[in-house]
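Several structures are given next for inspection.
Common to both upcoming complexes is chain A, partnered first by chain B, then by chain C.
Coming up: the complex of A and B.
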């Protein structure tokens, strides 16, 4: 009797503890769950619904009269030949070039700055750290306005180029693609009369020639601005990671006879890999979402060459009252970011595994070398 | 035994989860109860003292103060209250207000956005309830008429005219007799100005300036009723060809190329001898470049005669307003000839009522070219969903010197047809 009751009571006891633990757990996370659900998940789901309708911005999108168009807003962005697709693809093209230049440039620059600021030789470290970090803590709108002045036709940059006898472009009104200019300068093609093979056709309503334009001159100024402002933030991350690298490791590699470059390539860089991943991920996400610089500096002009999906989504929804199209663009942008991040994670993870496999060999080799020497 | 306790455990956990999920759903549903308003049907009207919300896209402090004064006067005379709010970004704020089902009672509606608002049923068609509606210039009435219904009373208007810098003009030994009245004369004086190293003309790089040439050539983007696309016509092509030739021969330059945000700035800085701008340039020059001596003339005529563009706002009343009657009375007070003259003196706009024309010209004789323009002016495109099409046209105009005008017009034609449908 006793033998049967004890396990039962123990079981009941255990069950109720687990239940109480569960309840307590849920209670503790409830505020966050409710806040996230109410202010993030729910609005996202509501926006998803809007992207499936032709809601015109009058009254609620959740009443019966709102026309449901299914995936019409999405297919219009990809399959129908029209202005909507052309604008969207132009914005995607602009953003691809933007990401392709900004992400590597800001990462390399941030790493370089961090290495400089971290070096033991440098005097006045604090000053340089503050100076490099300064753009990151300044409002992006303020910096954008300053850049508007710097790159004005009679601004500092044009005057500086003038000193060297270079006739600078009209930065913000120049819609020519830099890749076009480059190809023209090399003599491969004539930008004013592009080859028919390229203008004839291309994917998604833009000709190959348009896809291959490169960032416009106006876009390059925004690229410079963003590289300059964000590299400070990322420098700080690299700096923190650099300071975490044990000095003994560097000393060990020096004893092994590694030169300055080898030390950086085979000791510092592998140790920075997690930070590198973080910086690249954050960089990818923020560059695909670029909005405020565009809004302040160019509004998509000249000739739509600084149009980005984020700005186009805003413009479509709040200027043209096509809320369905606008939200559809933002969901496509969201999926682009997710896919890009997954791809990047996959690429980085594979290499990570490889180096981890090699590390024991290195360590043991080094250990034996040291013992051998001592 | 063990099994049953585990499963019971699971059931309880599921129940708890379910309850939590229900709670979230219920909260959201409660939040959503406001959504289930009747889609159609007239809005409940409230009589008696009103509390009017007025949202204006103000040009500056002078306008805000003048409208606030006028609103206060109306409110005290009618025992109501009226709150005037200047918008930071009128289009966006209105969009949000309509989406939130809580629009202001009265607000400015730009003629270029009018069709968008009408097509979604946001505006109350009260135009003919205002006293003496025929007194408004016919051009402006057309701008706010949709399917034969006159929706809202024009607030004021502006037209484009040719502004000439006197100093640069005389530098090229030109006199008042040389003021161009045709395209040929315009080209001729431009060449003389260029010979003395002055940029002859600066034109804003949008359809809102270049479009004036299309009107002078007898063309426009849409048919007068806004139902047909008429972009791809020989008239429009002639206009764009002419502007392109001016740009290519360096007889004209866009303001950006002269390091200015708009034509008035380039003109005020003395970087161009002529510009095509509206009457707002008076205030801008007075504020920023008070030393510039200039004269204003009607735009030179094109192949089809005189032409210019008009820009106007109307006093829109929300279809969802609770105080429509009172709102109409408010607009009535704002659009009386006397009140319009008061606004004209306060912040330099031109009255939309023909009966105020004489008083205005007497008060501001230099503005006659602007006022006269209304007789042959073309209003903004009066068709919904055209915003992105026109933005695309603008981006073509921005690179007009290097594009084929014919291809550009074909593109606008195709896009306009798709938008008007």
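Coming up: the complex of A and C.
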């Protein structure tokens, strides 16, 4: 081992390592690259083509005989008055109400449960955490079967409501919009004879009255099911974030005399902001994809009030054999979700930039300033 | 801590103790209420699956069967294809899980450690793939399977899901967190890349491998929409597909709730057992899912 030979042999070693790493690297990633390419990238390109055709499922979509319709499948969803647009806009309306209720509900429930489970005064943390999380690991199909039973006409929820003297609705066959029912209950409008101003017209082929329906009673059962299954996962995320909050910070604010609500509002909540945004945006992305529960529980019924774009695209392609139209719906849904994802990325970047470093000092400063005054 | 508090508060200490007792009590009440909300549906499911049909219809809320009956299970196992669905689900889940654990960790290792050309671009591509919502791939996946002549086969159930981008991501993160010195020693001793990976790196990666195994098993066992676009023959149905067919399709004559709830329980039990045994890995999986966002 003379000193002069070491650099030379090292150099050769490094050169061969580079070659070996290149070869080995690509061999190691090859299965993943091939399968993701074949079943993620290629399908998207194929589907882009199919969405420009009227392929009916017979033979290959790339034969010369398949009618090419250009952007017809897309414009039909937005500008042409007809059943396709009406169904699509109905599904968009249903999903908007679904998102508007599920996302806040699951976030608040998850946060509340996490804060209580995390409380140092209470024991049995592991058990409660497991109990709340368990529904989210089980099969969505199996759980939907259970909820079909629970909300059945003679089911558990109806009998439970009966105990309190409430006559529950026929959950899955009730297509009445809850906002319509609410407006009727406060006496603003009569749902059986809505004002002509609202039924006369509206954007995208649905009347204002139809846009303002709210989720149907049937949809609320699916909303309850989904909030029930997803809250557990988000609770875990909040719990992990809560456990990262330094104990000293809470104790300091406690000694400062901050009440429980003040502590939550001015110490805990600012520390949870990144997680809160993450949970909200993950929620926004996933709620636009609701499918399994719709398939098992309602198939879009009653009166299309549980139809969602995801289910509609499946139905259009595989039940009506209008693959072009179904694929076009998928791509519109894709762009909705991409927009949600970009919003998420953008918001998270804002959060990560300035506030992470200065937040703890800032938060405790605010807490003590506040409590100093009181 | 209690002494610090009462010392600080002085005369108010007594009422503070009473207040905290009240808040402990309220806290438990809320926790127990929600534990019931989250777990009672499963109790109802088990109870009613062991009832007769009229009993399930008349007393859906009660967890106690009266009379006790295994009729639902007998019908589920003898009159439906439940045994076949269970077999298919087990086969697909085991193969996909093994495949994911091996292929995802190989790719994760390469991305973390091997300096090959195009590594960064590939990693960005995998991140992009993770962001593609599964729901918009239904029809596209069917198109590819159809074009390749794989539609309606076991290959169609298994091959498209045998790798997943999120698993690659989890493994890459893990490999980056362990020290590189042991591998370097092995490689200087002349072990090849694969030897090093297989006998030095993988044994060190046990916790990550268990997490990946568990989330792959759970995800594949529960997978439903992929089976809708991959197969149509009843002989190829997995349990979730069979269940969905049982509830929505021609088989769903009458209500037959004990049967349906019992069959659904068969889908829940394996995941429940794994959940109870490996709970902390589930928790880790959920939080690693959060980190990728």
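One rule holds for everything that comes next: the second predicted complex is superposed on the first by the 301 of 374 C-alpha atoms of A that agree within 3 Å, B and C clash if a C-alpha of one lies under 4 Å from a C-alpha of the other, contacts with A are read in each partner's own complex, and residues count from 1 in each chain.
By definition in this document, a contact is a pair of C-beta atoms (placed from the backbone, for glycine too) under 8 Å apart; a residue touches a chain by one contact, two chains touch by 3 or more.
Predicted model, so just to flag it, every value in this text is computed and none were measured.
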First (chain B), second (chain C), both or neither touched by A:302: first
Contacts of A:87 with chain B and chain C, given as first, second, both or neither: first
Touching partner for A:154 - first (chain B), second (chain C), both, neither: both
Comparison of chain B and chain C by chain A residues contacted: C
Touching partner for A:248 - first (chain B), second (chain C), both, neither: neither
Which of chain B and chain C A:38 touches, first, second, both or neither: both
Chain B versus chain C as contact partner of A:21, first or second or both or neither: second
Which superposed partner A:146 touches (first chain B, second chain C, both, neither): second
Set of chain A residues, in rising order, touched by both chain B and chain C: 18, 22-23, 26, 33, 38, 42, 60-62, 152, 154, 317-318, 323
Touching residues (chain side chain B, partner chain A) in the complex: 1-2, 5-6, 8-9, 12-13, 16-17, 20, 24, 27-28, 32, 34-37, 39-40, 91-92, 95-96, 98-99, 101, 116, 119-122, 254, 256-259, 385, 387-389, 391-392, 395-396, 398-399, 402, 415, 418-419
Footprint of chain B on chain A - complex, ascending: 7-8, 11-12, 14-15, 18-19, 22-23, 26, 30, 33-34, 37-38, 42, 56-65, 82-84, 86-87, 152-154, 170, 172-173, 175, 192, 300-304, 315-323
Chain A-facing residues of chain C, complex: 1, 4-5, 8, 20, 23-24, 27-28, 30-31, 34-35, 37-39, 41-42, 44-45, 48, 56-61, 103-104, 106-107, 109-111, 114-119, 122, 126, 129, 131-144, 147, 159-160, 162-163, 165, 168, 193-194, 197, 218, 221-222, 224-225, 228-229, 239-240, 243-244, 247-248, 255, 257, 260-261, 263-265, 267-268, 271-272, 275-276, 279, 282-283, 286-287, 289-290, 293
Complex contacts: residues of chain A adjacent to chain C: 18, 20-26, 28-29, 31-33, 35-36, 38-40, 42-44, 46-47, 50, 60-62, 113, 116-117, 119, 121-122, 124, 126-135, 137-150, 152, 154-156, 159-160, 228, 232-233, 236-237, 240, 251, 254-255, 260, 275, 278, 281-282, 285, 288-289, 291-292, 295-296, 299, 310, 313-314, 317-318, 323, 326-327, 330-331, 333-334, 337-338, 341, 344, 348
